[in-house]
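What follows is subunit A paired twice: with subunit B in the first complex and subunit C in the second.
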Partner chain A sequence: MSATLAKGLNSFKEVIDAPIASFFSSCVHCGLCAEACLFYTETGDAQFTPIHKLEPLRRVWREEYTLLGKLGKLLGLSKPLTDAELTEWEPLVYDSCTLCGRCAMVCPVGNDLTYMIRKLREGMSSSGHAPEDLIGATTRSITIGSPMGIKWPAVLAQIKHVQAETGIEVPVERAGADYLVLMSSMEIINFPEYLSALSRIFKQAGVTWTLASDAFEATNSGIQIGASDLAREIVSRIVVAAERLKVKCVISPECGHAFTALRWEGPNLMGKPFGFEVKHILEVLDELHKAGKLKTKGKDKRPLTYHDPCQIARRGGVVEQPRRLLSEVAADFREMPDAGVMNWCCGGGGGVSANSRAEPLRLQVFKHKITQIEATGVQTLITACANCRIVMEEGLEHYHMNIEVIGLTELLAEYLVEDNAP
Partner chain B sequence: MNHLHLLTFARGSALNWALMLCVAGIVLRLFEIFGLGRKTDLAKPRINSPGSGWHTIFSRSLPPQGMLKREPVTYIGGYVFHLGLLTAILFFAPHIELIRSMTRLGWPSLPSPLVDASVVASIIALGVLLAHRLNNPVKRLLSGLCDYLAWTATLLPLLTGYMAYHHLFIEYTLMLALHIFSVDLLLVLLPFTKLFHTFSVFISRWYNGDIFGRKGVAS
Partner chain C sequence: MKLAEKPDILPGTVGEGLAQRGICRREFLQFCTALTALLALPPTMTVAMAEAISKARRQSVIWLSFQECTGCTESITRSHTPTLENLIFDLISLDYHHTLQAASGEAAEHARELAMKDNFGKYLLIVDGAIPMGNPGFSTIAGISNYDMLMEAAKGAAAIVAVGTCATFGGIPKADPNPTGAVAVSDIIKDKPIINVPGCPPIPVVMTGVLAHFLTFGSIPELDSLGRPKSFYGETIHDHCYRRPFYDQGKFAQTFDDDAARQGWCLFKLGCKGPVTYNVCATTKWNDGTSFPIQSGHGCIGCSEPNFWDAGPLYEALSMPISATASMLGTAAAVGTAAGAAITWHNRSTKAAAKAAHEKVTVQELIREDK
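The block that comes next holds the complex of A and B.
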C-alpha cells in the first residue's frame, strides 16, 4: 500500500463519528435520496445515487467500526480499499455532487448524506484522489491568496474604479469598523457591481465597514476539496484580520460555499468559537432594512424570480430575508416550484464549477433549473451567490435562453433612496 | 419431538436465546455508534433549539415536498407495510397475551379480522416493494444479499402468522411453532442487518434534525 493511500484510509477512519455511524447503520437502501439529487433526476443514471457515492466511506466504517465487518476482514471476506477503486469513485465524489444538501432533506431515516460526502472528500484528497482543477484552486488559495489567483492589486484597481463611479470612499484597513467585508474571486473578476452597491448602501445606512488587504477572499477551496488543514489556513487569514481590525461582524459575500466555510465550519476548523459574528450579506441587508436604515423607492416592474443558493437557504437558514427584501423592490415577484429550502441546485456548487472535467455533466443537469425558471415565465432571475450566478449565466447561454441574472444586493442598490446621490 | 415439543422449544428456550442475542446485539451496535463520539460544534447556532432533533424524528415520517409524486410506490408501500406490521405485532390479542405473560404489561387488542386485514396488506406491500426493488435501477444497484435476507426474514413471520391464524396447509401447532421460529430468526438478525434501523432511525433522524436545526432550517 502506498503512503498516500495509507494516509487516505487513515483520514477516512478519522472522520467517521457517531452521526456517520448512525447514518450508515440506518440506511434501508430505499433509493429515495436519488430522487432528490439532480445528478440522478436529470441523467437517470443510478450511479449518481447519493448513498452510492459514499461507498468507500461505508466500507471503511464497516470494516473498522462494526463487529461483523471486522470479522469479515479477518476471514478475508472483505478487502481494504484500493487506489484503483478510489480512482473510479473520484468523479462520483467530486463531479456529481455539489454538496447541495437536498438528499439530506429527504432521506426517510434522516441521513445527512451531504455531511458524509464532505467528510468523504477528506480521505479522497489525502489519498491523492481529488480533481486536478480543485488541487490547482486550493494551491492558488494557499500560495496567492485566492483560488482564481487574484491578488490585492486587482482588488485595489476595483476599489479605485468603484470610488470613481460612486464618489464614495471604500475604506481599507479601518480598525474598529462595524463590518469587515469579504468578497469572492468571482465578484472581483466578474461582478464589480457588488462592491459599488455595498458602498452606496452602507453609506446611506450610516454604518462603518472596511476591507482588509490580507483577507479579502471569502471562498474556501480547502473545504470543497476536503482538506481541513488547508481550509483552516484559509479561514485563519480572515480570523486574524477580523481580530486585528476589531470588527464586530464579518460579512460573507454573495457566495454560498464561502458562507458555509466561514459561518459553520470556520470555528470548528479554528478549534474555538469566533469573537465576532459572521453574517451573510442578505442577513445584514435585512437587518438594516428592518432598522429603517435601508430605504428604497420604486419597484422593478419586470417579473422576477429568486434562485435560493443551497448553502444560503437549505444549509444556511437564510430564506425569509431575500423574500422580505425582494418584496420592497419587486412589483411582480414569482416563486419557482420547490423554492426555499427544497430548491434545486444550480449544478455548480461544492467545487463542481471549478472542475472543468465536470462541465458537460453540469450543463446537462442545469436543465432542471431551466424547467423551474420556465414555470415562472420570467426573464429576470435574482440570486445571492456569484458562483450560482456565473453557473446559471453559462447554463442559460448554453441553452440559448435570454434571461438576465442579477445579484440581489445590486438590485436593492438600484432602488436605494440616497440623500446625496452623485 | 412432536409438534407440541417443537412449539414449546420455539417459544421457550429458542425465544429466550433469540431475545438475549437481540438485546446484546442492540447494545453492541449502540456502543459501536455512540463509542465513536461527536465533536462539539463550535459554530454559534442560528437559533438555540435543542428540540430540532426530536422534531425531525417525527417530521421525517412524512414525505418531503414533491417526493410522494416522484416515488409513490416506495412511500405508499412503505407506509402500508410498516403500519400493517406494527398493527399485527402490537394489537393482535395473542401477542398482547404473550407480552403480558413476559412483562406484565398489557393493552387492549384490535378485533382479529382487522389485524388479519393489516397482515394481508403488509404482505402485499412487501411483495410490491420487492418487485420495485428488482425493477428500479437505483434500488437494484443498492441491494445486496443482506437486503433480500432482511426482506425474507420480515416476510416469514407475517406469512406463517397468517397461515397459522387461518389453519392453512399444515397442522396448526406445527405452523405456530414455525411462526415463532421465524420471529426468533428475525430477532437475531435485527441488530446485524439493515433491520437495525428499527432503533437507529431515531438516532440518525435526531442528528439530522440537530445539524439542520442549528442552521435554522427545519428538516
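The block that comes next holds the complex of A and C.
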C-alpha cells in the first residue's frame, strides 16, 4: 500500500476529460494568465505562469489523447513522465497555486486553469508527490475527523463557553432543524467568536439550527491535496449527517474551499444531487436580512474594507451579499482596488497555508494584498473566510502592519438588535 | 536658365537630354522626389538621385519581347500627356524594342547586335513574355528562337529586368495545360541578377522606378523572396485599400449590383484577391493616379502573383475551396468523421482502462514507501 508513479500516471489519464482536452487544445500560449497570477506578478518568475504549472498533465494529454502525441509515443519520440519531473513540478503545483481562479478569469479562450490544477493534483497525490504537510492534514481529516486534529469534545468545550457567554443554548443533534451549521477547524481553535455570533443572530432571527457531532468540520483536505476518494469520504460525513437530521440546508462557514468542496464538488463526488441545499453563511445572512429577520442598529465608524475570498466571490458567486450586509453596519466602507470577482488572493488558499514549505513564498506574494489595503487607507479589514483571515493576520504581522482582521458574521453580531440581550 | 547653359552639363548624358527637351531642374527634382518616395528611400537621397541621373550616360537598354501580348509595352507607353516618367524612359538609350523601334528587318537586328557588342557587360536587358521550351518554332524573331535570343543577350547584360507576369512567373502562356512549355526568365537564367517586375501589366511608374534605381545606384534594389523590389511589392493591396474599413467592419458586397456594392463596400466575397496580392495599385493607382480596379468596382484578380491564372475562379472569395467538389467534400467529411470516431473510441478506451485501473486512494497511499 503505497503511492507509486504508475498510480499517478494512471490518475492523470483518468482525470483528463472533455473540458481538459479542449482547454489544452485551445490554449493560444498568450501568457495572459501569468499577469493574473499573484505568484508571477510578485516574483516576476516565469515558472509561475499558470499554464506552465500544468505541464505534466499537458504531456499526458498529448501522449495519450492526441493523434500526433500517440504517433510520437509509438515511434518513441516522447518520453513518459518521470518521478524526477514530478518532484520538480511539486512546488509549482502545490506551493505556488492557491486555486484562486484569477487566471481563469483572464484566459481569452476561457480555460478553467483552476479546474485543471485541481485535477492535476489527483495524479500528484497518488504518485506520492503531495507536500508532506498536506498529507498530514489529510491523514488527520480522515483518521481523526479534522485537519487540525480537533475532535468533538473540543467543540463541546467551545459550545460550553459560548453558552456561558451568550446565555443561548447551542443546539446539538436536533433533527428537523432548518440549518445544519458547520465550522472550520480555524473557527473552532482561533475564532470562537463565529459560533457565538451565529447563535445570537439565529436566535434573533428565530430560525432553528443544529450542530452534528459527527459532521462539524467543513474543511476538506481531500480537495486541497487532490484526492477525490478521500474528499468523497469527508463530504459524505456531512451528507450522512444532513440526511439523518433531515435539515433543509447546510451552512458552509466562513471558509473558502469548504464552500467549493460542499457546494460545487460535493454532488459530483457523491455522484448524485443533494437532498438539501448548501449555502454560504453570507448567503443565509443576506436572506435573513432581506426577510427582515436580521436587524442591526448603529454603524461602525471605523473605515472598513472587505477582502473577497476567492472561493466565495470568484469561484462561488457571492459578491453582492457581503456588500449589502456591510452597507448596514459600516459608516465608511471603502472598496479595495480589484475588489469583487477580480480580487487578489490572500496567498494562502488551496492548501498553501497548510504547507509550511510554501511559507516564504506566501509571505513574499502577500505584499500585493498590502498594496491593496494601503490604497484604501483603512485599519480594519473584513473578510468571510477563516483561512484568508489567519493568512492575512500572519502576513500583516510579518510586515509589522497594525491592521485588524474581522469576520463579517462577527461584525454583524456586534450591531445586532437583540430583544433580550444578556 | 536652361540646364544646357550650365557648365556641369556633360554631353551625352541624361542631363543634356533633359535640357534639350526644356525640362528645368525644378521639374526634374520634383520627379526625383516622387521617385525617391516611391522607392521608399530617405528624402536626402533626392538630390543624390538627381545628380546621378542627370550625369548618367544614357543607359543602353535592350528590350526583348517573347510570348506576350504587348500589354506591358502598352502600359509603359500609355500616357496621354508626356510625363516625366516617359521622358526619362526616352532618355535611356533604348537600342532595341521591336514594337517601338522605327527600324525593321535586318536593320533592327543589326541595332541589337551592335548594342550588345558595344556595351557588352553594361547594358540592361528587359524581357517581357514567357519563353517556350517546347518546340522552338512556337515563337521566333528573325528566325531566332526566343530561348536562343535570350541566352545570347543575357551573356553581356549587367542585369535583367523581367517585366510583366509572363516574364517573371510564366503568366498566361504558362496557364494549364501550358501547350508551349512556357517558363519564366528566372527558370532558365541563373547566373545574372534578375529583377522581377510582375503585373499584368505592371504599373508604369513601377517599371520606370526600377530603372531609375538602377541608373542612380548602378545596383539592383532590395528584392523579396520572389525577386520583386520590396519598395513596390512589400505590402498587399488589401493593406492599403481604401475599402479596407468595410472589410474590418464585415461589410461586404454580395453581388456586383447590390446596394452594398453601390455603397462601395468590400469586394472580398466577390473574389477580390487584394489580401494575397503584393503590389502598389491601391496607392500609386493607374493612368496618372486616376483609379485602380477595386476603385472601379471590380475585385483585384491578383495579376502580379505567381499562378494567378490557375489559382481558381476569379469571382470566388479567397476562403472558399478552389477545387473541392461536392463528392470530395463528402468524402473528406466521411473520412474525417471516421477518423474522429476511431480516435474517440481509442481515447475512450484509454480513459476507461485508466478508470478500471484506479485503486481507491487511502491515506496510506499518499506516501511513497520507496521515498
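Everything below uses one rule, namely that the second predicted complex is superposed on the first by the 419 of 422 C-alpha atoms of A that agree within 3 Å, B and C clash if a C-alpha of one lies under 4 Å from a C-alpha of the other, contacts with A are read in each partner's own complex, and residues count from 1 in each chain.
Following the convention adopted for this analysis, contacts are C-beta pairs under 8 Å (C-beta built on N, C-alpha and C of every residue); 3 or more make two chains touch, one makes a residue touch a chain.
Keep in mind the model is a prediction, meaning the values are calculated, not measured.
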Assess the superposed three-chain arrangement around subunit A: do subunit B and subunit C clash, or do they fit?
clash
With the two structures laid over each other on chain A, which partner does A:36 touch: subunit B (first), subunit C (second), both, or neither?
first
If we overlay the two complexes on their shared chain A, which of subunit B and subunit C does A:371 touch? Say first, second, both or neither.
neither
Which chain makes contact with more of the residues of subunit A, subunit B or else subunit C?
B
Looking at A:317, would you say it contacts subunit B, subunit C, both, or neither? Reply first, second, both or neither.
first
In the overlay, answer first, second, both or neither for which of subunit B and subunit C A:327 touches.
neither
Under the stated touch criterion, which partner chain does A:67 make contact with: subunit B (first), subunit C (second), both, or neither?
both
State whether A:356 touches subunit B only (first), subunit C only (second), both chains, or neither.
neither
Which partner does A:28 reach: the first (subunit B), the second (subunit C), both, or neither?
first
Once the structures are superposed on A, label A:16 by its partner contacts, choosing first (subunit B), second (subunit C), both or neither.
both
Quick one: is A:82 in contact with subunit B, with subunit C, with both, or with neither? Answer first, second, both or neither.
neither
Superposed model, subunit C vs subunit B, clash-positive stretch out of 111-119, 309-317, 345-353 or 363-371 is 309-317
If you lay the two complexes on top of each other, which residues of subunit A touch subunit B in one and subunit C in the other?
16-17, 65, 67
Considering the complex alone, what residue numbers of subunit A touch subunit C?
1-4, 7, 10-11, 13-14, 16-17, 64-65, 67, 70, 125-128, 130, 135, 138-139, 142-143, 225, 227-230
In the complex with subunit A, residue positions of subunit C that touch it:
343, 346-347, 350-351, 353-355, 357-371
Subunit B partner, complex, touching residues on subunit A are 16-23, 25-32, 34-36, 40, 44, 46-47, 49, 51-52, 65-68, 104-112, 115, 263-268, 270-274, 277, 313-319, 337-338, 341-342
Within their complex, subunit B touches subunit A through residues 28-29, 32-39, 41-44, 46, 56-57, 60-61, 63-67, 70-71, 74, 78, 136-143, 147, 192, 194, 196-197, 200-201, 203-209, 211-212, 215-219
